[in-house]
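Worksheet for the structure shown next.
We call the chains A, B, C and D, going by the order they appear; numbering starts again at 1 in every chain.
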Amino acid sequence: MKLYRPTEECGIFGIYGHPEAANLTYLGLYALQHRGQEACGIVSSDGRSLHVHRSMGLVADVFGDQGIFRNLPGEAAIGHVRYSTTGDSVTKNVQPIKVDYSRGSIAVAHNGNLVNAQMVKDELEAWGSIFQTTMDTEVILHLLATSKQNALEDRIAEALGRLKGAYCLLFLTETRMVAARDPQGFRPLCLGKLGDGWVVASESCALDLIEAEFVREIEPGEVVVITKDGITSHFPLKKDEAAPCIFEFVYFARPDSYIFGKNVYMVRKDFGRQLAREHQVDADIVIPVPDSGVPAALGYAQEAGLPFELGLIRNHYIGRTFIEPQQSIRHFGVKIKLNPVREILEGKRVVVIDDSIVRGTTSRKIVKMVRNAGAKEVHVRISSPPTSYPCYYGIDTPTRKELISSSHTIEEIRRYITADSLGYLSEEGLLQAVGAGKNPYCKACFSGNYPITFPTLAAAPQLDLF
Amino acid sequence: MKLYRPTEECGIFGIYGHPEAANLTYLGLYALQHRGQEACGIVSSDGRSLHVHRSMGLVADVFGDQGIFRNLPGEAAIGHVRYSTTGDSVTKNVQPIKVDYSRGSIAVAHNGNLVNAQMVKDELEAWGSIFQTTMDTEVILHLLATSKQNALEDRIAEALGRLKGAYCLLFLTETRMVAARDPQGFRPLCLGKLGDGWVVASESCALDLIEAEFVREIEPGEVVVITKDGITSHFPLKKDEAAPCIFEFVYFARPDSYIFGKNVYMVRKDFGRQLAREHQVDADIVIPVPDSGVPAALGYAQEAGLPFELGLIRNHYIGRTFIEPQQSIRHFGVKIKLNPVREILEGKRVVVIDDSIVRGTTSRKIVKMVRNAGAKEVHVRISSPPTSYPCYYGIDTPTRKELISSSHTIEEIRRYITADSLGYLSEEGLLQAVGAGKNPYCKACFSGNYPITFPTLAAAPQLDLF
Amino acid sequence: MKLYRPTEECGIFGIYGHPEAANLTYLGLYALQHRGQEACGIVSSDGRSLHVHRSMGLVADVFGDQGIFRNLPGEAAIGHVRYSTTGDSVTKNVQPIKVDYSRGSIAVAHNGNLVNAQMVKDELEAWGSIFQTTMDTEVILHLLATSKQNALEDRIAEALGRLKGAYCLLFLTETRMVAARDPQGFRPLCLGKLGDGWVVASESCALDLIEAEFVREIEPGEVVVITKDGITSHFPLKKDEAAPCIFEFVYFARPDSYIFGKNVYMVRKDFGRQLAREHQVDADIVIPVPDSGVPAALGYAQEAGLPFELGLIRNHYIGRTFIEPQQSIRHFGVKIKLNPVREILEGKRVVVIDDSIVRGTTSRKIVKMVRNAGAKEVHVRISSPPTSYPCYYGIDTPTRKELISSSHTIEEIRRYITADSLGYLSEEGLLQAVGAGKNPYCKACFSGNYPITFPTLAAAPQLDLF
Amino acid sequence: MKLYRPTEECGIFGIYGHPEAANLTYLGLYALQHRGQEACGIVSSDGRSLHVHRSMGLVADVFGDQGIFRNLPGEAAIGHVRYSTTGDSVTKNVQPIKVDYSRGSIAVAHNGNLVNAQMVKDELEAWGSIFQTTMDTEVILHLLATSKQNALEDRIAEALGRLKGAYCLLFLTETRMVAARDPQGFRPLCLGKLGDGWVVASESCALDLIEAEFVREIEPGEVVVITKDGITSHFPLKKDEAAPCIFEFVYFARPDSYIFGKNVYMVRKDFGRQLAREHQVDADIVIPVPDSGVPAALGYAQEAGLPFELGLIRNHYIGRTFIEPQQSIRHFGVKIKLNPVREILEGKRVVVIDDSIVRGTTSRKIVKMVRNAGAKEVHVRISSPPTSYPCYYGIDTPTRKELISSSHTIEEIRRYITADSLGYLSEEGLLQAVGAGKNPYCKACFSGNYPITFPTLAAAPQLDLF
């Protein structure tokens, strides 16, 4: 049995009420490109019908031709960027999905992952539905089409009531745009305004680019309906305890974004400060693993009173293919991306800051690289707790077997990556830095405590199939 | 309301029980390329799941990479070529369509056109189905998925029972291939054998290429189920009067194919002979409009005792785009394809044989071209009756407004195309040449007598939307 | 030492004095596409400078974008199509070549092959010239640049005086177009008129397409200079015995072209007639190997009083790549291009007409194909004498080793291709059919008598390196 | 008259004596991609002949296919990356250039710009040379080919003796690699060792990537000849005063490279420190314009005792095309690349560090962006003196008219960019920071004192044509 490939690591954007809706959606996706580099798409509405352009590739490549926008007319549009989690990169899995149903046409863009998708799919198939993609998102449209409700928002509410998992959704019909966020608010979603038009985006950096005004975040469990008569807010779903994904702060979101009530850069700096308090070390300089480790490294350096330096230089021209020499025993993996600056590192006791360790292989190469460049000591500090459990709510993590910290002690990891010392930010430190009250974040990847349990044992094999 | 774009002018091919199923399907599609140059696709089964590769483009381009076949494993495969009828050439409308439903996966390839697709779609949508393409073929899969029958063949039979129109279908599941032809047998479909494997193709020329043995034609109303245990034949549908499309003989099929019990080349020659009997003229030579008019011209020449010559030379390197000079008043349309041979035509009374006249503009250019090359007289002979009515069963014809013979007398057409004389093959002559008994062919395009009427008045607007 | 790759099998076209010069050149190349399908290019002049667009690919693909013509402004242009003789298809070998030299810019397009190119290149290199391509054509530009003459036509005359071999050349400078044909006139070249502009083309079919008037052929040894003041003709080279390539008639030129004073189609028909007189056989039908064998087959059939039929149907959608099944023992080579019509061939004694036999492998497959389709006897007739010697003047022929008739008797060839009988047109019959006096054609490929001998023994190895 | 397009902003790489020469060259070009993103190429030698692959595009795209390296065999290779200075991006101007001449084949890759190229070209053309590109590099090969010397190094020396300007050159013949640097050493070039093989590269970061050992810099005026017998060093040219380009430190080279005896990152940090000493200001934070301003900003912050923050976040997914909304008055230029972090900037007095101001438009947008994000004061500090004069030695700078500092005072520029204060690093400070003695750097772009004057007044128009 083929299981769903989770719709992981995506970004969504929508705009309603602007004469250049599709072009601005393209810009919004541009700003959200870090949330998904594999594929992208836009659906626009001209008030009478929906228009689609979707393809594998980066936003700048897929939409790099002015002519495309002539085929995406109208004053409303939604868009989607998707990350490649597996080799199964079939074009038909590109979003937004657009379908015809009894009330006309509707398109949807989804960021997140439904945990009961297979179960709902089984029910729908038993009833007679056919599925043309392997995306859990398709389930949502089937539920919406088979709803007995009349009003669009009631159909959406009924469909969402059947779903379990993480979702930020953008729907577009001929005349309406609807945004929805799951009751626990795993993924970020914000609302903005541009002239008379409304904008919805995964992160505020997309509003910034098009110079839209940030209005507020869409709340967990909220459904926002936008028509030409304005905007209405609904809370049709059962309330639940909020569980925003703390990994958005650690790694995924852009530092200039404002999500879950905070600026990402500032939170990362505070992670670094807290890390410095928890894992002090006698050292000469602090360097980040660029680019994700930079804010935490600045925080660490400031707190520890050590100089911050860019000891590893990143090559910005990495292509999507990389042809390695065939006969060489060398493996270029990390070297092609990073190069150490000997003059900074030579003879120094170096603190290297990274946001996480997954398999440990990259960290090991970086430690060796820094040491070969002359560092006397290499102390690795990680601005998050050990990642021991896979995510089922929209972050692409490997299986437990591949997560080094799920099977090794910190000392074992330190020895593997050949660091002189290794320190992870504690879970308490993390929460304290983010200013959390007692339990408002999903930190299942650290703790294994999943806020949403899987509906049946039958779904268990899925856990290992990501 | 968006109406269905008819799935017109297609070719289908399938093979079951051969280790190189996908590669042979590619070859089969190659041989059927004349039935559709816009897009193509193959779905293969490895016994456990289905694999898809589809794209806009010619077969040789879409499958021009050996690596593709590694991604199409298995001993069974079906394929499809499609002709572009409109500018709406969206990738998602490429066939075969593959879906998941309650019993697993199924793919379908369709040649023909359903006349009650919109009505069935409306019912399905009312019931809760969603539609992801604008192809009438998708309706078939929905019907199959919502059937309450258990066995695949019963589901297919129930689905087909709901359909009206022209269809040759190939279904592929993980373990079975099913071929079906509508009760009136509008489109050709034949069965072949290659070693232990079975082959199904729109035309026998596809069997020839892969050196499969021609077994027989699939009969009107027949459903053939092929499994690893062998082949079974079913006739689940109400019998109807056969109505094979006579235009396949006139124009569409390849001359080396054997369809509807006859060889196409021979039938075309007989059209030419009969045409000579009906429309004799004092002339010096007979020339065809290449390539479609060649067999009829040979027949005409033999019957009339006149020399056959290739007075018009075809350029075989026509690309899909053609950039015309901007400032010129010349229009290169036909000239880019055909060039007359002055030495053949000069001073001669020339009979020009073509298979049909659609708008008349091409014929007009050809007559002028032949006359400019020195012909003393130009007599146009058409190896079919005037085409006055559009086809709704799978041939791409323009609307009535564009069909010159729907609004002009033969004498008016003659004047328009500037020929010295013009003769069409009579309907009786056509039927006699094809050896038909009283009524066994669909000749709606000539007579306007449609063998299947449209289900409701509501569908009427569709007639003008082709 | 790297030897020159001969510039074989090309077509050239030029126009002077037309506001859409580049676009008409594109059309002219379109008509000449059969002379070279590998690469093409156009150079235009706007009166002040030259503009270039060249690439690998068919004319329709390389110039399939209106925007390209905006970058090829001006009222004069020359173009070139080239055939791929080897795998060494480097972009830089695409013509026309454009260079800067002391008098400004000049471009050249060349059809033919210089036999003393290596010797002249050696001299030029010794003198200090550098070569950026492996085309013999580059030698011509070096000679022109190093000439001490003042006037362009004198420089060209001096350069041509150094060359031995076959050439039709088109030069373009900022203000002039010059056409030149070698003293023996191996390759065809004709002059036309379009409004006030002048046109030069390898074959008259290119004039026909743009509706230019055929004026006359450019004569062997003639240099035609076209400026805004009109056209002048020069004969600066030593006269020599004419030796037009008879293979242009046999195979290479388009049947609708008029070259060497005759229409190609008519000559081919006469080859067929003569072949019938020389090699009569009791048979039922005559079929051509399409498309090249069609006129000769018509001639044969008319002379022999036998019916002409299209017993082999050609697939017109052959792509440039063809993926064969891996595990099959079948080899699809010819089958992918041709399919027999059983109904025509069954039980018949068949005469198959082809224009030539090169390696014999294709003929062998065709004979088997015809016999498998039911033919009782298969008699092969070839409308030219055995091709036993390679061409050094612009036709792409294999080395002697590969030419079956260079090492086998006709009876041995007959046995190899499994024909019931085999007949070649005699050399005398060929010349008689073409209406030649005693010696006016180059027929080195049949006789081994090369009209131009190679300059030194040193060049001998070149003979085997084609 | 068409003037030379200067071969500006390039990177070169070569390796001799390694079985994967071409693949390592590809890696070296990867590391040098920042020196030219428009086009690239590699020429390899297998000991008998040279092999070429060149194209427009990034290294990762042009060489993103393992198969290419099978066509680049041999143990020696040179490569080139080129920056697009104008729209005239013709393929034929891609380097390395490979030619045949009297001694065999030779290829060359060039970084720099010859100031007497037009004059030498005129002489060569008068003598009879033809030019197939518009690159000044082609002149070098002509000189080499026309030299009367016997040994390759003597020919090269004679050719170099004729050249004026900036050049780092890599030559490759069938059996040798030669590196040459102009007597004033404008551009960097270094020598490395990998196993038994020798490596030459524009910057040391390319050695780092392939894990080659840095041996030393190639000296101004030095010619290094590498054969299978080893390496020899020659100084055939008249000595001149060294004039390495200080702008390599300011902006062009990668921070992890070691050039002109120093590490670039460290020099940039010292520029920042010196800038802090020269232009102190009461402020709260220091932010760089990423990525080029980062090291100087770190130096400034450390010297000034102010916190360093990443107040502007760079989008790393900028594509090569960017489709702006058509109807909007907004211009997205800088916004698409940079986004401010409000939480860092709000209420702060901000020092913004950039490496240079060219037209002023980007600085103006950045100042406004920072101020809109809430900054109370915006103080711009530039880590180099005002750039008032164009470069003729290999850096792509606009004409004087476009350089804002060539026509405006610092106060005028400050007002234009709307900064609260503006400070440039002084020329003395720059030289002091770089540890220069009295005059060892070319700083013509600041001072207008060009170390090499143009050969004739005739060349003057070139100055404005860049």
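In the analysis below, a residue touches a chain if its C-beta (ideal position, glycine included) is under 8 Å from a C-beta of that chain, and two chains touch if they have at least 3 such contacts.
All of these numbers come straight from a predicted model, not from anything done at the bench.
Across A-B and A-D, it is A-D that has more C-beta pairs touching.
With each centre defined as the average position of its C-alpha atoms, the distance from subunit B to subunit D rounds to 61 Å. If each chain is reduced to the centroid of its CA atoms, subunit A and subunit D end up 37 Å from each other. Between subunit A and subunit B, the centres computed from C-alpha atoms are 48 Å apart. The set of subunit D residues touching two or more other chains is empty.
Here the chains touching each other pair up as A-B, A-D, B-C, C-D. Here subunit C touches subunit D in the complex through residues 2, 49, 52, 90-92, 97-102, 121-122, 125-132, 134, 141-142, 145-147, going by the rule given at the top. Remark: subunit A residues 19-20, 23-24, 26-27, 30-31, 33-34, 37, 58-61, 63-66, 68-69, 205, 208-209, 211, 254-256, 258, 263, 265-266, 291, 294-295, 298, 302, 307-310, 313, 315-328, 330, 332, 335-336, 339-344 touch subunit D in the complex.
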